[in-house]
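Take this structure, written in structure tokens, and hold onto it; I'll ask about it next.
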Amino acid sequence: MTNSKLSEEKVFKDPVHRYIHVRDKVIWDLIGTKEFQRLRRIRQLGTTYLTFHGAEHSRFNHSLGVYEIVRRIVDDVFKGRKEWNDDDRLLCLCAALLHDLGHGPFSHSFEKVFHLDHEDFTRAIILGETEVNAVLRTVGADFAKKVAEVIAKTYENKQVISLISSQIDADRMDYLQRDAYYTGVSYGHFDMERILRVMRPREDQVVIKSSGMHAVEDYIMSRYQMYWQVYFHPVTRSAEVILTKILHRAKQLYKEKYSFKHHPLHFYSLFEDKVDVKDYLKLDESIMFYYFQAWQEEEDIILNDLCSRFINRDLFKFVEFNPNEQMMTLLQLNKLFKQAGIDPDYYLVIDSSSDLPYDFYRPGEEEERLPIHLLKANGEIRELSRESEIVDAISGKRRTDHKLYYPLDLLEDLSTNSKAKKEILELLNRINRD
Amino acid sequence: MTNSKLSEEKVFKDPVHRYIHVRDKVIWDLIGTKEFQRLRRIRQLGTTYLTFHGAEHSRFNHSLGVYEIVRRIVDDVFKGRKEWNDDDRLLCLCAALLHDLGHGPFSHSFEKVFHLDHEDFTRAIILGETEVNAVLRTVGADFAKKVAEVIAKTYENKQVISLISSQIDADRMDYLQRDAYYTGVSYGHFDMERILRVMRPREDQVVIKSSGMHAVEDYIMSRYQMYWQVYFHPVTRSAEVILTKILHRAKQLYKEKYSFKHHPLHFYSLFEDKVDVKDYLKLDESIMFYYFQAWQEEEDIILNDLCSRFINRDLFKFVEFNPNEQMMTLLQLNKLFKQAGIDPDYYLVIDSSSDLPYDFYRPGEEEERLPIHLLKANGEIRELSRESEIVDAISGKRRTDHKLYYPLDLLEDLSTNSKAKKEILELLNRINRD
Amino acid sequence: MTNSKLSEEKVFKDPVHRYIHVRDKVIWDLIGTKEFQRLRRIRQLGTTYLTFHGAEHSRFNHSLGVYEIVRRIVDDVFKGRKEWNDDDRLLCLCAALLHDLGHGPFSHSFEKVFHLDHEDFTRAIILGETEVNAVLRTVGADFAKKVAEVIAKTYENKQVISLISSQIDADRMDYLQRDAYYTGVSYGHFDMERILRVMRPREDQVVIKSSGMHAVEDYIMSRYQMYWQVYFHPVTRSAEVILTKILHRAKQLYKEKYSFKHHPLHFYSLFEDKVDVKDYLKLDESIMFYYFQAWQEEEDIILNDLCSRFINRDLFKFVEFNPNEQMMTLLQLNKLFKQAGIDPDYYLVIDSSSDLPYDFYRPGEEEERLPIHLLKANGEIRELSRESEIVDAISGKRRTDHKLYYPLDLLEDLSTNSKAKKEILELLNRINRD
Amino acid sequence: MTNSKLSEEKVFKDPVHRYIHVRDKVIWDLIGTKEFQRLRRIRQLGTTYLTFHGAEHSRFNHSLGVYEIVRRIVDDVFKGRKEWNDDDRLLCLCAALLHDLGHGPFSHSFEKVFHLDHEDFTRAIILGETEVNAVLRTVGADFAKKVAEVIAKTYENKQVISLISSQIDADRMDYLQRDAYYTGVSYGHFDMERILRVMRPREDQVVIKSSGMHAVEDYIMSRYQMYWQVYFHPVTRSAEVILTKILHRAKQLYKEKYSFKHHPLHFYSLFEDKVDVKDYLKLDESIMFYYFQAWQEEEDIILNDLCSRFINRDLFKFVEFNPNEQMMTLLQLNKLFKQAGIDPDYYLVIDSSSDLPYDFYRPGEEEERLPIHLLKANGEIRELSRESEIVDAISGKRRTDHKLYYPLDLLEDLSTNSKAKKEILELLNRINRD
């Protein structure tokens, strides 16, 4: 394995970690590849910038951050410890840097509509005919394969996987802090420096010295707040609902041989479910915006309206929705929307969010949620929720939230003596009150 | 004049000012217009994100910030003072919010190539058939005209102009702090809260109580550092040089009737020097990126190469250049580039930056640089540099910096026994040493 | 009621709230009184500075902070609301400023040893022949009495009491943030600005709009972490144990007519349980240090040793102690200490800490812990733990912690073949393992 | 030379540097000595807390900070560089930690009145029969001597001295940031992390890579602002004037055999100009406060008044004073004060502050002000003011400020028809106007 060092350390100024340090030539070269530079054109938080205007940062930003956290762990904390094999150092760094490489534009909606998984693309880019692959091959013949294995969580050294994807990994530690920084919310703070200092490599995992338990509690509470205050914010989800419906509509029109004024060239392979890496890499959020702008001039009134809503931030309104009790009302609404000439497939949408703040190990289910283990002074290893009362109190408790989205402006535009209008508004009101 | 209030105050979470408060319906409505939402698709710092990866924030961000600063001044500091006419309150708020409305994508390069001025467009959007104009007209028949006058600095109440554009205005106070926040640099901090508290309306201007002089000194030093450390960073300018050359090349090809694979539809009116507001508003940075990506596939090798450089961040290198002493060398280089088959019009570029950290009043020249005036305890008004030794020391001293940009990779790709290659590299080295 | 305003607002620079604003003459005058200036000589966190060296801030600091928070609530949030009687504004401000006036030096230990209550002294200072009382009387004849009633929680307007002492009052909001700032810990952050903005006066209490629930959750988690990470830190408690024992010893010696080299003049009335306000006000932490330093030269070996420990930070070590299971071991240790010639009354000490992170209302018990109430959009008022899953999970769960303190150095100094030494060390080890 | 390592690294939570890391046993042991713990009872900024209430932090705080900065430089930046002799590492750390050890209580006033120099005491404590000396001797027989040489700036390796005392040393970098943190002012920020990273050991000095020049400019501006905004604040100086006069008065009374109610036992040797280290170490600020409180009851009206002023913060007022033009007025005032029965020796005081923001090298004068040298990319070393326009502009420019302090309250208490009173107030007014 070859690992050339740069003649002089390079640094990036970073608002979250102050500086990001690069000493390995391969890292420097990976950052310079076109596949990695593409991440500058994909926002970290998708449509969140429509709710929190500061959240305009890209996945490029975040990827450097995850790399830097892993670098600090392996270089400042793990190095020299007997339980740690420093041969895996460069592998950790590359996997950290590249873990989000396969993300598409607005990936949340994008993946849902086209049934894609960004991790598949990450691996495909790492292993395919790409600049990234060429750089990785300079390290060793099977190095790219190893990086892909880490992404797939199949790599043999589970410590490496633990650093990149577990319930307290570098990915989460970076995004919580970074997203808090850019949105400006006061959640998202925890003492990462402390957590890093007490991480220890142990057999098949990374554990946390129990003296750092309170910093971990704080991290879990931060995560909880960020999910419900930022990531699942109902206004953000409204924009995502619209985005999803745009993609659905465009695909639908394509299938129906609709004659586009502005042809969806970049989407052909997606619409035909046969996208390849080359096509995929051409996609980014500026391309999406280009189409959305152009499609404001399409004759199809639905596509045109949805695009205009997304571009100009004319979002849907929402009410809380309880699927157990309000399904009948939804069916009624569906019918009334049709009567009023508003297609409910595009304009009456349920969106659900759901999260577990922390989970202990449940054999057989959700196996990817590895629990956090504490290392006690006497060497014993204990699962977090058995030591922390706070974590125990919230552990394993899933919280779910459903909202029903609809275009209030369209409803208000209906003629005032429309019977459907009146009934729709009454039903929505009733849902809201319940 | 009509000024409706919102039934409940709205707030935006902002990472720089914590919260942005909106109580006036007209402000809320202006933010919702499509012309204002367009600012989300134009970066505040153009190509700076290629040097400081955090600097991905938009002009939407900054415009809200300027509004909030002016709001605090007029509502918390000026309100009720006899020298202040509160009738101009709403005018200040609207002008602050809209002052950057006419910015084009990557406006620095854009305006240079197409000989445009964003302030002309700001006024044209305010006065034209736009959603913004419709909202402003709800306040009063001549309100839009007044806002345009403030932008043009011709409005009669000079206090208003002083708030929006002077050497210590809300615009600068917001961007210094905001750009420092997003880039992560440690410059850009000054005690704005203190400065706001000591601003006072006086005849024809806004002055600063002299007890706040040190906060103003700090602000001026911040500004100086931000200019040289961030805004004039040579790597950022390299990207701007390339961007400028892309636009030049595309226009040139259009004039020469080159047959584009990907037609520059959005640029036709620009290339023919007859852009109107409607066309202009369709432009934003996602549109630009769309073309730059597409043009990587053009047959014209220069357009294709420059676009690929911009998209993938393969920038030009640079050496310091002294125009007084090194002009002959530049001419030689020009000749050698041609010999080597590299068009010096696109690949050998001088870029200059120049700034005055602060200027006292110079009658007759640069009249827009109104000096900062201090209000002493005895009521006397004195120009800042007469009171502050630090400011006096740097006042009126223009600093200028010239750099010569070139594509090192292309030069290195020349055949090793090329005579031109050797001479070019020698000359560049010599410039560097001098 | 007279409320003179200062001719010009005065400000204090404060690291936590940035500025503290004073516009009322009575507030300015209260700050200038000798009783209030005395708070500069009493640390906010007692012995905590021996664990967190930054925590050297005084109660003067904190008192200004509480005042400023209440000022923002009443002036920026409550003013003009129909449920709020602005006549109580000045009363709130004065009570906030003065609420800690009666604290003695190292009050936690001090009050325990001498069976005092600082709130009694706060009221006595407010009502007695003091500069504070003289200033309060300028407002109105019964104003001092009203302030004392707020401190005693008997004032008729319960909104006022709610602001000064409830589960989410200005006192707690200031100290959590301030103590986090000075210790440097990363806990203690919550979005106070948000909480203040959503506080609303309602009948007999102050409630929080439910849109601010998550900020309140964050506040409760901060409080929990600060209690266990900072306030109950075992090293801090070790210093407190020693301090308590110094005071006990000095009192004991006084009762026994021990002939002090350095007479405890300032403590006579305390030792005789007949302290009055005048004597009490002479006490502060510099006086205490003076005695502790002097007493390092006393012949009584216990007083002299304990003082030297406190001054030079030679603290006791500790083990976790379980009173239910380890009482027999404690009795054994007690006996062995005596055998070894180490007085267990001073050198073998149990210290217990206990806290409820949040409590809902329990009629009949602990009536002072008023629950936090949320105000829902529909006007309904609901107790916090019924709305917040996180708070519900931890609500009402008391956590208690007992530690056994002892002087390891003294034990190690025992002759190596001392049987007691060996047994003691073994027993302590066993407690630790359990 | 012996350097034992701790079995496990110890950390202190620090609000400025986040954590302070200790790995060397000798550092840990030095922190535990009684001479070092004494620094907890001496404020870093003397009387500044009477102006900026947050500035209650001790020299203990600051000393740990200076140690940590030097540790980062030698361990993270210098280690392994050929120009650096790592044998001096521990010496640097100890000198950094101990550099302020000899400070007395309120040392600025204290040293002036008693003609002492804290550096002499620092060396005396290091070399005397102290716990500190005993710890240092465990490293090697001549180690304490070396540490004392560094303090005296006579140590042969000038790099070490450069780290501890130069125009950009660890001492200044810590105190600027720390004092800004505790006072809460917005000055005092500069990018220390950047400066540390570009420090390089060179022959006989530490230099700064020129790529870090702007961070150094920022540091110099911070220093300038901190001096004039914080350290030389006129209210702080008023308290210092009073303190100085208290000590003068007490000494004078002692010389005159005045019969103290409360004998100045701790001051005897100082009053007789024969203080030794043992006596000196007993002094701290709690002792001073004890006397000042007690002396409020002395019969001498001057001592009693001055002490009461200091304790209760009844400070002197001031006017700007120009010694070149206003000396005659001062002599008149002097005479009038005597007529009014107010002793001008204690109640009419000129205080002067003076600072050079930065100085280049001036052979023969002020030799201790070593200039800052930049290391250019080509290896050349250049003095800072030749490279930085900003620094050149302010370099070598001394700024001086004189103020005249007096007790306005005493003057106002004079009978209204006192001729002296009227004239005094007129003269003070005239000085103010000039």
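Note that the chains take the letters A, B, C and D in the order they are written out, and that residue 1 is the start of every chain.
Basically, contacts are C-beta pairs under 8 Å (C-beta built on N, C-alpha and C of every residue); 3 or more make two chains touch, one makes a residue touch a chain.
Composition by chain, UniProt nomenclature: A, B, C, D = HD domain-containing protein.
Keep in mind the model is a prediction, meaning the values are calculated, not measured.
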Longest centre-to-centre distance from chain B, chain (CA-based): C
More contacts between chains, A-B or B-C: A-B
Centre distance in Å when chain B and chain D are each reduced to the mean of their C-alpha atoms: 44
Inter-centroid spacing, chain C versus chain B (mean Cα positions, whole Å): 52
Whole-Å gap separating chain A and chain B, where each centre is the average of the chain's CA atoms: 32
In chain C, residues with contacts to at least two other chains: 18, 185
Of all residues in chain C, those that touch chain D in their complex: 12-16, 18, 32, 34, 37, 40-41, 49, 52-54, 56-58, 60-61, 64, 181-185, 282, 284-290, 293, 311-314
Complex contact set, residues of chain C against chain A: 185-187, 189-191, 194, 214-215, 217-218, 221, 224-225, 228-229, 389-390, 393-394, 397, 399, 433
Chain B-facing residues of chain C, complex: 18-19, 193
